Structures are given as structure tokens and as C-alpha cells.
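In what comes next, chain A is part of two complexes: it sits with chain B in the first one and with chain C in the second one.
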Partner chain A sequence: MSLSEIPALAPVAGPKSRPLRKKGSGGRLTAILLLLPPALILFSLFVILPLTESGYYAFFDWNGYGQPENFVGLRNFEQVVGHGVFHTALGNTAKIVIASLLIQMPLALFLALLIYRKTPTNSLFRLIFFVPYILAEVAAGLIWSFVFDGNYGVTASLAQSMGIENFFILADRDWAFVAVLTVVIWKYFGFHMMIYIAALQGVPEDMIEAAQIEGANKVQIVRYVQIPQIKPAIIVSAFFAIIGSLQVFDVIIPLTNGGPSNQTHTIVTYLYTFGLTRMKIGFGSAIGVLLFIAAVGVAIFYQRIFMKGAKA
Partner chain B sequence: MSRAHFWRNFARVSFLCLVASFVLAPMLATALGGFKSNAELRMNAFALPESWNTAFYASIITDPGFWRYLGNSMLISVATVILTLLVGAAAAYVFAQIKFFGSKMLFSYLLLGLMFPFATAILPLFIKVRDIGLLDTYWAVILPQTAFGLSLAILLFRTFFEQLPKELFEAAYLDGCSYVRFFWRFTLPLSTPILATVGVFVFVQSWNNFLLPLVVLNSRDAFTWPLGLMQFRGEFVTEWNRTLAFVTLTILPAIAFFFAAQKYIVAGLTGGAVKG
Partner chain C sequence: MNKFLPIALMVAASASMASASTEIRVLRVQPSAKEGAFYERVEKAFEEKNPDVDVVFEYIANEAYKSKLPTLLQSSTKPDLFYSWGGQTLVEQTKAGFLADISGAVSDEVRATFPEPALAAYTVDGALRGLPLYATEVAFWVNTELTEKAGVDYTTIKTWDDFLAAVQKIKDAGITPIMAGGQDKWPLHFYWSYLALREGGADAINKAMQGEEGGFSGEAFVKAGADFQKLTALEPFQPGYMATTYEVASGMFADGKAAFHLMGDWDYGPMRARSQSGKGLPDEQLAFMAFPAIGEPVTEGGAGATLGGMNGWAVTADADPKASEFLTFMLNLEHQKEIGSEGIFVPIVKGAETSLTNPFFQRVAADIAGSTHHQIFLDQYLGASVGATVNDISADLAQGVIAPEDAAAQVQEAWEFR
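What follows is the complex of A and B.
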């Protein structure tokens, strides 16, 4: 519905004989007291309260039953930070961040530059590249665990056609995480591409023409006109890439479930596996607090450095 | 010049086709796999099945559990959408229309949800949901999901509401229309584009959600389809074809939905999404 259809709704305005209200009434207070509390209550109860409780539970050794009584100070944090699997999880999460920034984003930008113009072929490619993003992570993870299955999957066919022995990449300590990174890029590059396409379509065509007239070639136009023009979009997409990388979870569970021998955990699968499934609520909360600090740190850093002028 | 142009375009389209096959091949192999016997699966993942064996697909479609999972997901997603739209729009309307002491602070407070991952609060959330007695109920997923979706919804709604013409409100106001009435009669009906965008976005998020249902739903009767799928995979671990049929039957509607609602999905995601 567009704004031009507003007159159609006019009859609701009612009879003119109704007395005018004094300025400043109109049920302001009623509106505030009626419309605002549902959001405030829901948000406080299910977002802010659990978050603060996380900070509280992190100082207790607690299995989740009864009240947390066994105060242990910073011991949970010490245990997390001293845990080898946590180091792996942290390193893996860092690998996802790096792969997102250095492989996924350039690929997305390159593709966006190839297909940002509105033609039927380009639209088709755009839709195809975006499909993995709307699939559920669990479905994506399962699809790729089939692809990587050394007995049945696509890798099995490849191995056979190349005449080499079956290989089980998801069971390989050194290579399993490469498989995870492949899936992450497959799943999310289309999202970043869409951000760039939206931005590239906003770059004024006459700026590009002007550069052409001055003798700039394609590469120069990209480098000196288009990329500077879409810088805000790149900054936003990098922000999403980092924050998203911090919370990769769903893909890992069907793909490797953190294995082999805990080599493919991320921070969130680590939290889930070592905190929740073993009901070590204090320990898990400490991981949650560390994740929170990382996420808020990134957000504040970003706000300070990049987002002063740009709309987030 | 035009020959160079042709070759450049040829290279461009070839590269795009290469990426497209990287994107589509796994999904294609999955859909085909649901028609194949184990022996055929071993041979070539991409080859067409020698005989299209529909038994695996049929066994999923006739499984009441499958429909139960889908039904649960549908119910939870629809409820989350309705609740997010109503509660979010109501709050955003107040922030857009009424200036009052502390409104800026409350607005920033509600936006805090944009800053951190859902997982940071998942353990206390589990404890809370359990203590309220909601474990294994639809509400255990709907309420936290709604709460976490509110920040983005309120941000998008407020921006949209502020762009609605002020004259409309002044006219209605002079006729004695109250704020609450105006919200129902004018703001909501005039905001269908943004309601649709946010609604579709929230729906997709809810439909695909895994971590929260995994933590707060224990019994199979309450499972959403991603949980059902994982459970199923665990049971039929040696039978890829069944699992592939299951996956295909859940991703096909998702893809169909995407093509039908792509305008809103893309708008919602590029308007500020949360994963990457």
C-alpha cells in the first residue's frame, strides 16, 4: 500500500461535531502506558535479565538446580581460559572471522560488481547466490555433511573419478575445519553480495560516466569511484561478518558436532557442549560473559572508528 | 572493441556459472540422493538415479512425526511474527509520535539487543524458562524469540512511522482521535510494507532457529523441524537417502517461499540483518 491511498481511509475520522481536545491530551499517557510496557517487559525479562544473570552465575559453581550458593570468584573464568578446547574454539572462531573478511567479502564484492546492473540474467544469478542464505543452517550443515561423506558423498565420487582412496575430510583433525569454512562461505556470501549490490545501485551513473570520459578504465572506476562510494556498505557488512562469525553454531552441529576430538568447536558450540549439555551453568555462563565482552567490544570499537557518520 | 566486449562478457558469465554450480550442486545432489539406493549413492552423487525410487520420499511424507515437526514450526513462527509485529509496532509508535521524558533512554535500552549474540544469554534463559514452567511448550520459543527480535523491529518501525505524513495525525487529532485509536486505525494499516518486510524476516529467522528450540524443547511432540531433522538423522545414520529426502522436503518450501517473498526478504536483510 502506498501513501497515496490515504484518502481512502478518511471516513474513519468521524463527525466534526465532536469537541476539540486540549493540546497535549489525546491520551498521551494512556498511549504510553498501554503501548510501551509489553515491549519493555518482554525485552527485560527474556533479554536483559538473562544477560545480567549470566554475569551473576558466572561466579558460582552451579549445576542449575536450587540456588547458586557455591561462590567461586573467578575460578570459572580461569578454567575456561585455561582449557585447551577453549583455545581451539577461540582459534576457530578467529579463522571464521578471517575467512569472512578475506575470502567471503572480496568474493561477494567481486560478484556484486559483476551483476549489480539490473538485467534479467543478473537477477537470476542474484537469486541463485542468495538461496543458501535463506536455508536453515541445520539443513545446510546436513547437505554438506553428505557432500563431504567419504563413503557416499560428492567427495566420494570425486575420489573415485580421480582414482584415489576415499577421504573423510570431516574426520580429519587438520582438514575438518577447512570444510566448516567452506560451508560458512557458501552459506553467507550471498548476504554480503546483496548489501553491496544495493549500495552499488545507489552510486550515481554520471559519476561513472565522468570517470570514463576522463579516460579511467574498468579497474580504475571500481577502485577510485565505486569502492569509495560504497564504503559505508562495506563497513556495515564487515560488522555483520564479525558479529555473525562470533555466533556460528547451527552449521557445526550437523556437520561435525565439534569433532573430531574437539577440533571444530566454535565459541558457541563450546558453550553449548561444555556448559549446557553437562549442566555446568556457572562455567557456561563464564563463556557467555566472555562472548558478550567480545561482541560488545567489537560493537563499541566499530562505533568509535567507523560508524560516526555512517548509519548503522 | 565489440569482440573484446564479447569475450569479456563470456568470461564474466562463465565465472558466474561456476559460482552458481558451487551454490547449486550440493542442493541438487541432495534432492537426487533422496531417489537413490545406497549402492547408487556410492557410485556417483550427481548421476541421475537409474530408477526413480520414491519410497524414501513417500516414507517421510507419510510419517506423522514429519508433519508434527512442520506444524510446530509453523505455529511457533506465526505466533512469533504476530507478537513481534504487535508489540514492536506499538512501542515504535510511541517513540515516533510522543515525546516524553526518558523516551530516548528507553529507546536506546530496547536497541541493546542489536549488540550481542543470542547465545550469550542462552543458559540463564534456559533456567528462567524452566523455572517459569514453560519448558517444552511453544511459549518457551515464542517469547524469547520475540524479545530478541524486538530491537531490530522497533528500529525499522520507528524510522517508517516517522515518515508518515504529520498532517494526517493532526487532522485525526482535531477530530478527537486518541493516540491509541490512531495507532490502530491509521498507523498499522498504512504500514503494511514495513510490517511485511519485518514479518517475513522474523518468520524466516524463527523457521530456521535451532539453538533456542534445542535448549528449551525436550520432547519429540514439541520439536520444531530442525530438531526433528537432527533426531531423524541420528536414528537413520546409515541411510543417507532417507535423510536427503527429509532435507529436500524441508528446503523446497523454503526456496519456494523465498522466491515468493524475495522482495521483502531482501529488503529486511539489507535493512539490517544479524548474521553473517
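What follows is the complex of A and C.
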């Protein structure tokens, strides 16, 4: 009896489930048809179009007025690559990357290890350390330009109290960029610290306890338990640090405006100064294209090497 | 852009049909409160005479204005009148077809009220593209108390060597000789530009633009760099001048921190506002000294040339005819006198200078009227790109990190690649 019912049921179940599946795929199609176009249009309009336009302008000598007509081929690129200030900007950007990786991230990790446990005082410290990151870049730049001011700033009173002559670090060709680096590290370490805090809180407490029972000291726990456990977070934060370093701009403009003698430009302030403010849109576009290639290159390279490794 | 033109026209047409009145949009860099009040009065007066016209003033802060203007000019919401510094930028805007030819709209009568060089600054390709509003002059502001203290009689400074000697004497007296806003670079370019004018003669810049006498890498420009470095070798500026902006420098000079400040007459009011006391130096303690001549000008006219601005208004293509009407109304003798008597700036229209009550502005009006050639600031006159290069090399020369020959060559290169 029951056996006869089974074949009877089977054909019923078959067709029943099939329309369901069809309905499901149809729903997905509708979803695609409904939801993809707006996203695609927005993406094309605000990302793809400007990108291709910029790539197109890079081949013209164009001042932004009217239509680009004067096709110059690769001349803009040649000029960028041959420009001394571009080399300085490139070097400075590299310095920011290195400082971010070697000073900012370890500092952030150190502070995160000190204050990741949830206590009222730790919350207060987290807030204090995170404040620079919340501050607008331009405001941060302005504040620090006052701090560095050799006439009225903190450095001025510091110099006076030490009995040495006032110094003007932002006016010094050799030292101005060190000042910029200081501000960049100060501005962004809080961001990385927060990533580490979140990750450290996710490290199972029993692992640490186990290590303690095994006789590991604090440094060993950090070295062999906590850091390996938060490796994915470190990899992500390093990625942000590198991409962020390629884009440093609005801290520098109020601080030094790229000076003295174009010594403190990054790639982006270089683009802004020599492309936009000078109305050499073609030239600026060429710099933009180079920056884009560099950023995409870093992203792909990084994904290939580290992100995959992190997953495995 | 052209794709959108029909749509823009339709929108514009429907807008003008909706309201019977003509709207005249005027775009200006953020003015002082006094100047803004002046525009308000002119606007009201014009609208009373022309009930069908609605004049709308819009203000944008200085740097943003410069970067937004090109985009605005290409859009359907472009202004009818906009503030201009003249020079190569005006030429480029004309070439791109953004500017109207208002030669026909400005009567000979109105034309005759302006000095010829001022009109020339707003004439491109033989057609009038706008009208000048006011002229400015760059010269040394002098803190006479400090020069006296150092035993320098500024009235006897006539040549560059006199000036260098005075600077040394002031420095020896323990006073900062010159205030400079080096971070902005353009305050330093005044030195190079003035010295180039003195060395190369009244027409030095125009000749260089034509490629005559070696262009910008010619003798006059190399000498200008060398002359400038004779000054900078004395370390005449305040400590940290490369980290000082124009605004800060201006305030510090008004605080009595240096004997000289090479700046335009426009600084008269603002420097007081920027001083710590808010009052600055009293008039009796201030003097306005012409930039010294060099011993032997290479060419005629160099010693008497002035550097400064010839700022005014440009009219955009397809602007309503009422726009030019409003422009001439705004710049008529009566209003220009108002500008003078209010001390807003030095008016340009002939006869309006009599309204000036401020002795410094009277002096500027006389200087410009008597000048062999009034050179518009190079960072404006040569266009954004070459102008910025001039500013760059001036800052580099001041810091002694570039040779005069290289500086001149860089400007020439920028000019060729502009």
C-alpha cells in the first residue's frame, strides 16, 4: 500500500518542486533586471565615465576651456615622468607608505594592546586616541600649522623654554616633510588602532589563559597568540594604510601647500597643484591615470599575495 | 557639452517665459563688506530704473572662484558678468568663445571715460570683452618709525643699491627689514616681476611673450633673478618667511614687526584688520614707497613702470544686452566716485580720483596715471600655468636654491608649453 503511494507521490513532488525552482530563478532575473540598472548607471556615470574621460584628456594639451582639440599623444606622460617635482612627490608618497607601515601601524598595535580590554579608563583613552581621526583633515592641517608656527606656536614656546632660537620646521626644505609625516601618523593611527582593538576583542580569552598556564609571559602571548590571531586585521589595515598613503592630500594643503620649493608634495597634491590650479587639465589627467594604475596595481598585487594568504 | 545645449536653451527659454523679467547674473570674488554694500546700492538703483530687470550678485571665495569659473562658463548656468583679472586668462576665455564682444554696446562716450591702457587690458582680438573696475599698484609699505629708528631715510631710497644698503642698515639695527608671505609664493613674485620691468623696460613682458630678446630666458629676466638674489643674500625677510602666508605677513607688518612690506595698495584696510590690535599702524607711521629703480635701466621706461592689477568685469557670450548696460551703469563716474570716497579702492574712470580722500589711494591714482607702463601681475597676466611657474621660481630664488639663469629658463619653458 505504502509502496503504491510512493510512485504516486514522486511524480507529484517532481513537478511541484520544478515550478518552484523556476519561479526562484525568475525572481532572481527580475531582481537583476530591477536592481542592476540603477547601480550600473550610477557606477558608469560617476566612476567609469570620469575614468575614461580622464584617460582621454590625458592625451590632449587642454586648459579646461571648451573642447580638447590639441592632441599631443604621450607628451603629457613624458612631461610628468621627466618632472623633478613629480620625482619628489613620488618619493614623498613612498615615505608616507613606509612611515605608515613601520611607525604608524606598530604604534597603533601597541596602543591597541594596552587598551583593548573593556574598562572605563580604556574607553576614555580610546576616545582620546580616536579624536584625531574624527577631525576633518583640513582642520587637522590648520591646527598643526599653528603648532609648528615658529612665532606663536607650541614649538615657539618650546624653543623659548629650551633657550634656543625659534625654528620654523614648515619653512625648512629638509625638515618640512618630517613635520608632514608626523601629522599624517598622528591623524590616522587611531583608525588602525580601532581595527586592532576590534580584532583583539575577538581573540578567544581561553587561548590567552591557556598560554598563561603554559607559562608564557606577556610579550610571548602577544607574539605567539594575539598577533597571529589578528593577522587578517593587520593585513586589512596595512592595505588601508598603503592605499590611504597614495591619497594623502588635504592634510598637506593647509600645512605647507606643497612648499617650500615643492618639497612636500605627494602624488595627489602634485596633481592638484600642477594639473588643476594651473588649468593644465590634460597634464593633470595624465597624473591621474598614472595614480590610478599605481593604486589598482597595488590593490591587485596585495590581494594576490596577502589577502589570499590570509584566507588560507 | 554641445549635446546639452538644446536642453539648456529650452530650460532657459522656459525660465524666461515664466518670469517676464530679465535676470542678470553677476559673479564676483567675495568682496569686503563695504564693497558688497556698494553693489547692493547699485543693484537697487539699476532695478528701479529698469523694473523688468533683476540683477543677482553671487559671491565665491577667492581660490574656489578661480577653480570653479572654467566649469561654470561651460555650463548653462553661466553668469552674464564675472569678475576678471584680465591678462592671458581673458585671452584664453575669448579663444574658447566664452566672452561677448561688447564693442558695439559701449558707446564712444563711455569709452572716453576710461584711460586707454585700462581699456586695452579688456580688449582681446580687437574687441572689447568687458570693462575695468579698478587699478591697484604694488609698492613698499614702509613702517616709518622703524626706518627712523634704524637711521634710514626712506625718502632717499631711489635705486636698488640704495635699498640694499638700507636693508643692511635696518638689519644691523636689529630690526627685521622686510616682511614676506613666502608660503603663498605670489608675494615674492612681485620682486622678480618688478626687477624684470626695471631691467627690461616697460615692454619687457610683452616682448618676451613675442619671443623677442630671448623670451623669458633673456638677459633682463636673468638679471632680475640676480638682482633679487643680491637682496635675499642679506637675509632680509622675517625668520620662517616660507611658512608665512600673505594674510599672516600682512598682519605682522601691521603689528610693527618689520620695516618694509612689498604689497599692493589693497592691503591698506585688510592689514589693519589682521593686526593683533585690530587697528594696525597709524597713518602717520605708514608710507608707500615706489619700488626702487635699478642703477642703469637696460631700456627706456623701465624706471617708471608700475606693477599691479587692472581688475574688472568680463561679459559672457550670449549675455543679455541689459548686462552691458548694467556694467556701464555700475562703472559710471558717479559710482566710481562713490568707490573712491568710500575708500573701497582706487577708481579707474577719469575724474573719479578727485573723490579720493585717503592720501595713500590718491598717491596710487597719481602713480598709475603717471606710469610709463602699468604691468598686470605676471601670475595673472601670463595665465595660470606660466604664472604659477613665475611664483615658484620667485620662491626658489628667494631661498637661493636656484640660479637666476635656471629660473628664467624655467619660465621660458613653461611659456613654450603653456
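Here is the rule we use: the second predicted complex is superposed on the first by the 269 of 312 C-alpha atoms of A that agree within 3 Å, B and C clash if a C-alpha of one lies under 4 Å from a C-alpha of the other, contacts with A are read in each partner's own complex, and residues count from 1 in each chain.
Everything that follows uses one rule, which is that a residue touches a chain if its C-beta (ideal position, glycine included) is under 8 Å from a C-beta of that chain, and two chains touch if they have at least 3 such contacts.
None of these values were measured; they are calculated from a predicted model.
Undergrad: Could you figure out whether chain B or chain C reaches more residues of chain A?
TA: B
Undergrad: In the overlay, answer first, second, both or neither for which of chain B and chain C A:Asn151 touches.
TA: both
Undergrad: Look at A:Leu276 in the shared chain and tell me whether it touches chain B only, chain C only, both, or neither; answer first, second, both or neither.
TA: A:Leu276 sits against chain B and chain C alike.
Undergrad: Go through the superposed model and pick first if A:Gly259 touches only chain B, second if only chain C, both, or neither.
TA: Touch status of A:Gly259: second partner only.
Undergrad: Between chain B (first) and chain C (second), which, if any, makes contact with A:Ala171: first, second, both or neither?
TA: second
Undergrad: For A:Thr119, is the partner it touches chain B (first), chain C (second), both, or none of the two (neither)?
TA: neither
Undergrad: Tell me which partner A:Gln67 touches in the superposition: chain B (first), chain C (second), both or neither.
TA: After superposing on A, A:Gln67 lies in contact with chain C but is clear of chain B.
Undergrad: Across the two complexes, what residues of chain A are contacted by chain B and by chain C?
TA: 64, 149, 151, 276
Undergrad: For chain C, which residues count as touching chain A in their complex?
TA: Chain C residues touching chain A: 1, 66-67, 70-71, 73-74, 92-93, 95-98, 182-185, 239-244, 252, 383-385, 388, 392, 395-396, 399, 401, 417.
Undergrad: Sort out for me which residues of chain A touch chain B in the complex.
TA: Its residues touching chain B are 1, 3, 6, 9, 12-16, 18-21, 26-28, 30-32, 34-36, 38-40, 42-43, 45-51, 53-54, 57, 64, 100, 111, 114-115, 121, 125, 127-139, 142-144, 146-147, 149, 151-154, 156-157, 160, 186, 188, 190-192, 194-195, 198, 237, 240-247, 249-250, 253-254, 267-268, 271-272, 275-276, 281, 284-285, 288-289, 291-292, 295-296, 299, 312.
Undergrad: Show which residues of chain A lie in contact with chain C when the two form their complex.
TA: On the chain A side, the touching residues are 63-67, 79, 145, 148-151, 166, 168-171, 173, 256-257, 259-262, 273, 276-280.
Undergrad: Touching residues of chain B toward chain A in the complex: what are they?
TA: Per the stated touch rule, the residues are 12-13, 15-16, 19-20, 22-27, 29-30, 33, 38, 41-46, 86-88, 90-91, 93-94, 97-98, 100, 106, 109-110, 112-113, 115-128, 143-144, 146-148, 150-151, 154, 164-165, 168, 171-181, 183, 185-186, 189-190, 192-193, 204, 207-208, 210-211, 214-215, 226, 229-230, 233, 240, 243-244, 247, 250-251, 254-255, 257-259, 262, 265-266, 269-270, 272-276.
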